[in-house]
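Chains here go by letter, A, B, C, D, E and F, matching the order in which they are written, and residues are numbered from 1 within each.
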Amino acid sequence: TEVFDKDLYETNDLAGVVTGLAWTPVGGDILFIESLLSRGKGGVTLSGQLGDVMKESALTALSYLRAHSDEYGIDYRIFDNYHLHIHVPAGAVPKDGPSAGITMTTSIASALTQRKVKPHLAMTGEVTLRGKVLPVGGIKEKILAAKRAGIKEIILCNKNKKDIEEITPAYIADLTFHYVDHVDEVLKIALLPEKVSKPIDFVFPEEKKENVLV
Amino acid sequence: TEVFDKDLYETNDLAGVVTGLAWTPVGGDILFIESLLSRGKGGVTLSGQLGDVMKESALTALSYLRAHSDEYGIDYRIFDNYHLHIHVPAGAVPKDGPSAGITMTTSIASALTQRKVKPHLAMTGEVTLRGKVLPVGGIKEKILAAKRAGIKEIILCNKNKKDIEEITPAYIADLTFHYVDHVDEVLKIALLPEKVSKPIDFVFPEEKKENVLV
Amino acid sequence: TEVFDKDLYETNDLAGVVTGLAWTPVGGDILFIESLLSRGKGGVTLSGQLGDVMKESALTALSYLRAHSDEYGIDYRIFDNYHLHIHVPAGAVPKDGPSAGITMTTSIASALTQRKVKPHLAMTGEVTLRGKVLPVGGIKEKILAAKRAGIKEIILCNKNKKDIEEITPAYIADLTFHYVDHVDEVLKIALLPEKVSKPIDFVFPEEKKENVLV
Amino acid sequence: TEVFDKDLYETNDLAGVVTGLAWTPVGGDILFIESLLSRGKGGVTLSGQLGDVMKESALTALSYLRAHSDEYGIDYRIFDNYHLHIHVPAGAVPKDGPSAGITMTTSIASALTQRKVKPHLAMTGEVTLRGKVLPVGGIKEKILAAKRAGIKEIILCNKNKKDIEEITPAYIADLTFHYVDHVDEVLKIALLPEKVSKPIDFVFPEEKKENVLV
Amino acid sequence: TEVFDKDLYETNDLAGVVTGLAWTPVGGDILFIESLLSRGKGGVTLSGQLGDVMKESALTALSYLRAHSDEYGIDYRIFDNYHLHIHVPAGAVPKDGPSAGITMTTSIASALTQRKVKPHLAMTGEVTLRGKVLPVGGIKEKILAAKRAGIKEIILCNKNKKDIEEITPAYIADLTFHYVDHVDEVLKIALLPEKVSKPIDFVFPEEKKENVLV
Amino acid sequence: TEVFDKDLYETNDLAGVVTGLAWTPVGGDILFIESLLSRGKGGVTLSGQLGDVMKESALTALSYLRAHSDEYGIDYRIFDNYHLHIHVPAGAVPKDGPSAGITMTTSIASALTQRKVKPHLAMTGEVTLRGKVLPVGGIKEKILAAKRAGIKEIILCNKNKKDIEEITPAYIADLTFHYVDHVDEVLKIALLPEKVSKPIDFVFPEEKKENVLV
């Protein structure tokens, strides 16, 4: 039979689009986090019928990257001179929970650096403000959904390793797992060194300076 | 008998007015998205008793166009110096759902470019922040409503092709269908190259510059 | 017996006051839309216990006039340098619905132009953002209320003509009906060319200019 | 027995304090509207557990005075450079309704002009944005409360005259009634020409001017 | 047995901390109002699970002091250049009602003037915007709580005198009562002339001035 | 058996991360308060599904430190030029109550000073705006959770000493208790003199100065 979502065969030549894994009452599913920057004044728009916890998750990811912009080669002026919109399709499906934390961090980081995201990669894990990755639930269903969608590599919290060890090895033989403790490891794995083919050429207003009259 | 809505026989010499297709409990219907720019400070007003999902849909369409303004020949200064109002008549009928996504994108794009919209054209489809078009429901009822209203061409998501293939061919023989995957294709079809007869002559305040005293 | 509302015999020498027609569970009634400008920063206050739909109706009317200010000889600087308050007495009666759309447009337009409103005139009709006038309900009851209050002329949507044709001709022999499709026609009928006797003398702050030092 | 509220015997040497008449489920009562200006940026604070209708009533009164500041000798700069607080004691009693409209207008006008309010005067009446005074209910109970509190003069809407005519003349022989149609008449009666003994000496920041370099 | 709250034996060498008296369903209690200023832009934070009426009470106290800053030797620039936080411990106990009005006024006044508050003093009374003190309930229970906590002097509204006269004289022999009509009397009693040992040294940004070029 | 939370064995070389003790319906638990500063305009973000009381607790802690910045060697310009985000993992667990007050104060203080937090230390206690530490409940369960997580030292309010005295001495022999009355004592104990290895190098925009033309 046909693969459920053809989405994964699309190009990865678009900054800010990252694949996450979701648990739903009817099984696991993949989801996409889309982050997009446009010239603006530093605001943030969240859409996709996100619940409170998921909104906080997005703001936490953003604060982490803002505080660590130097380490990731992000020009801090972007935060004040561009508008960030984070959307999670499909637009009518309510979504909540903290497990998209590392996916959101990766999506925003890709938008801010304009670096490509590794193809055929998915991830799931909560992230705290200091970058610590926390384990999440529904791992088995999520792995199933990932396989169905053609995913090859998966990033999980180290503390979720035990959930993988309970799955029949043959079933996941063609999947590569990355276990992490910190979101820094996530970004090292997920963000490729090269930029997308049409990266944003960030522009900033001239910094205001005082008149100097001599 | 008389055609239900005479609205479609009106001129298309007005930027920002695009025909969408809606599903309602009592059958399909056409609806109009109206986008209007006036001098202002970059705010957005949404009216027509729009629900959460539809409001997010409008903001997502706007962010897409804002981030891709260069590609569509849109002066980015419009976003900060004009106010955008999006209205969906009739004003007292509550409306919701993501399926007006591509209609909203086209409506805003027409307002921003002041280009005419192709006449006798209707469309329905969700759009994500990266411009991907997603399939929507109620296709059969929507096609019925479009015919009744004198529509000649319809834009749908590629994944909705199968819904059209289930309709008796003779019934839709006089309709042209455009199947798309990306909102960029939608705009290529829907926006005519010529501008409306009285396009807005966009004006911007002088950019602030620093005194240079020598 | 005495005429129900003596309000109509008042002078029309006040900008921004326009008579509308309302449907209520106990019959039709006339209502007044009052628009008032005062020096400010461009904000809008709505009062009179207006519901969501009626508030959106006011904002839509305002956006229409803002976008078309040139056509009506309105100085666009008013929108940023004056505060607009729209009130609908009586203050304790909740009101909702889109049918005051053309009345609100006329009221705001009269305030912005300081032109007199035609006396003994009432109107009812929804208006969309592109200025299209839509039909409304309760026509019969509204006409009754208008007669009772001494109204001589009534503006209605063309599509409401059929509702008037169902009323016994003798009953409405002393009323003149204007059927319109666009709010532009409404304003042509409702706004007299002369200004009120004490029109606001609009003042604006000096436009900011850059120092030019040579 | 003792008079219920000794409040009325207090001095009227305080700008912004005006006596209103309220209807409550347990009979009429007097209430005080207190308006106070302090240096600020033009904001408004409303307190005293005011309901929606009463809050709108305050904003309508304020807009009226703002638009007509010239006629009352009010420096329009006060509106942007002072903060207006309107409080209605007692602070824990919920209050609502439009009937304090003329009382609020008088209170704000007294604060803005620093003129004394006529002593032993009370009033009740709705006011619209164009200054029209509308009749209100509970007149009988309100008059009773006014007498009990030592009030000598009362301002009412002309249309409330009939409510007074239903009261036994002997009972109200010691009260003077002023019937009005417009808030302008209210202010003429209620505001004395002299200022309070310690009027605010309004100060304004220097108006910003452009550099003029020659 | 031990005194319930040792809090009162603490130093009064801290500006902004004032003791109030509260009525609760299980008896009277003392409470503390804490006001603290820090450099900022004039905002106000209220905390301690305060209800609507108590929040309005705080804003009314603030407006009173702001309008009368000259009389109390308060530099009006503090209001725009410092942030005021008012907290009422314990943080998890919901509190409401207007009876902390004079306590809040005293607390804010002490913070603004950095003057010490008289030790072993408690107070309870509503205050209106013009500074009038209104009587409050639960006096008996409040006096009991005050005695238990070691309070020596109590400020009450003149109209609450009758409540004290109903208490057995011997029981309150060691308490001094101050009956007041106006918050000005409260501040005269409660604020000592000397400042706290480490008063805030208020600093203000240079006032902006226009360039004068000759 | 394995220790419940390995989190405590992590480095303390991260500013702003402090261990608190929480009471839950199923027993005590440790929690982490994470404070993070990034360049911004002085705003505050709170996340972790915090309830009203806990949010107020965070704002109270912040106001205390802002008002006392001099005493702790905090550059007051940080408050206006950096954004503070406070997060309490796990992100999906609702949390409320005032008992994290001293933990929040310590966390924010560590972020503001970039000083290390003492390792193997936990704390619980409400804090008021004047810095007074108040006792909290659930002490027994919290101590149990602290032991299980490898905590060595615990800070409590002096008034909670009696709760500790009710625990079998042998059980808590390996724990050191610090009893305090003021948050100043908490910070003296919890903040080590040395800074984290990669402290933020705070930068501030040039202070605006007036042109001086001679």
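By definition in this document, a residue touches a chain if its C-beta (ideal position, glycine included) is under 8 Å from a C-beta of that chain, and two chains touch if they have at least 3 such contacts.
Keep in mind that this is a model prediction, so the values were computed, not measured.
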Please state the rotation angle, between 0 and 180 degrees and to the nearest 5, that superposes the Cα atoms of chain C on chain F.
180
Counting only Cα atoms for the centres, state how far chain E is from chain F in Å.
29
Gap in Å, rounded to a whole number, between the CA centres of chain D and chain A:
58
Would you mind listing the residues of chain D that make contact with two or more other chains?
209, 211, 213
Overall pattern in which the protein chains touch one another (line/ring/star/complete/other)
ring
Please name which positions on chain E make contact with chain F in the complex.
7, 14, 16-17, 32, 34-40, 45, 47-49, 83, 85-87, 89-92, 206, 208-209, 211-213
State the interface residues of chain C toward chain B in the complex, per the touch definition above.
52-53, 56-57, 59-60, 63-64, 66-67, 69, 76, 79, 97-98, 101, 126, 128-130, 132, 134, 209-211, 213
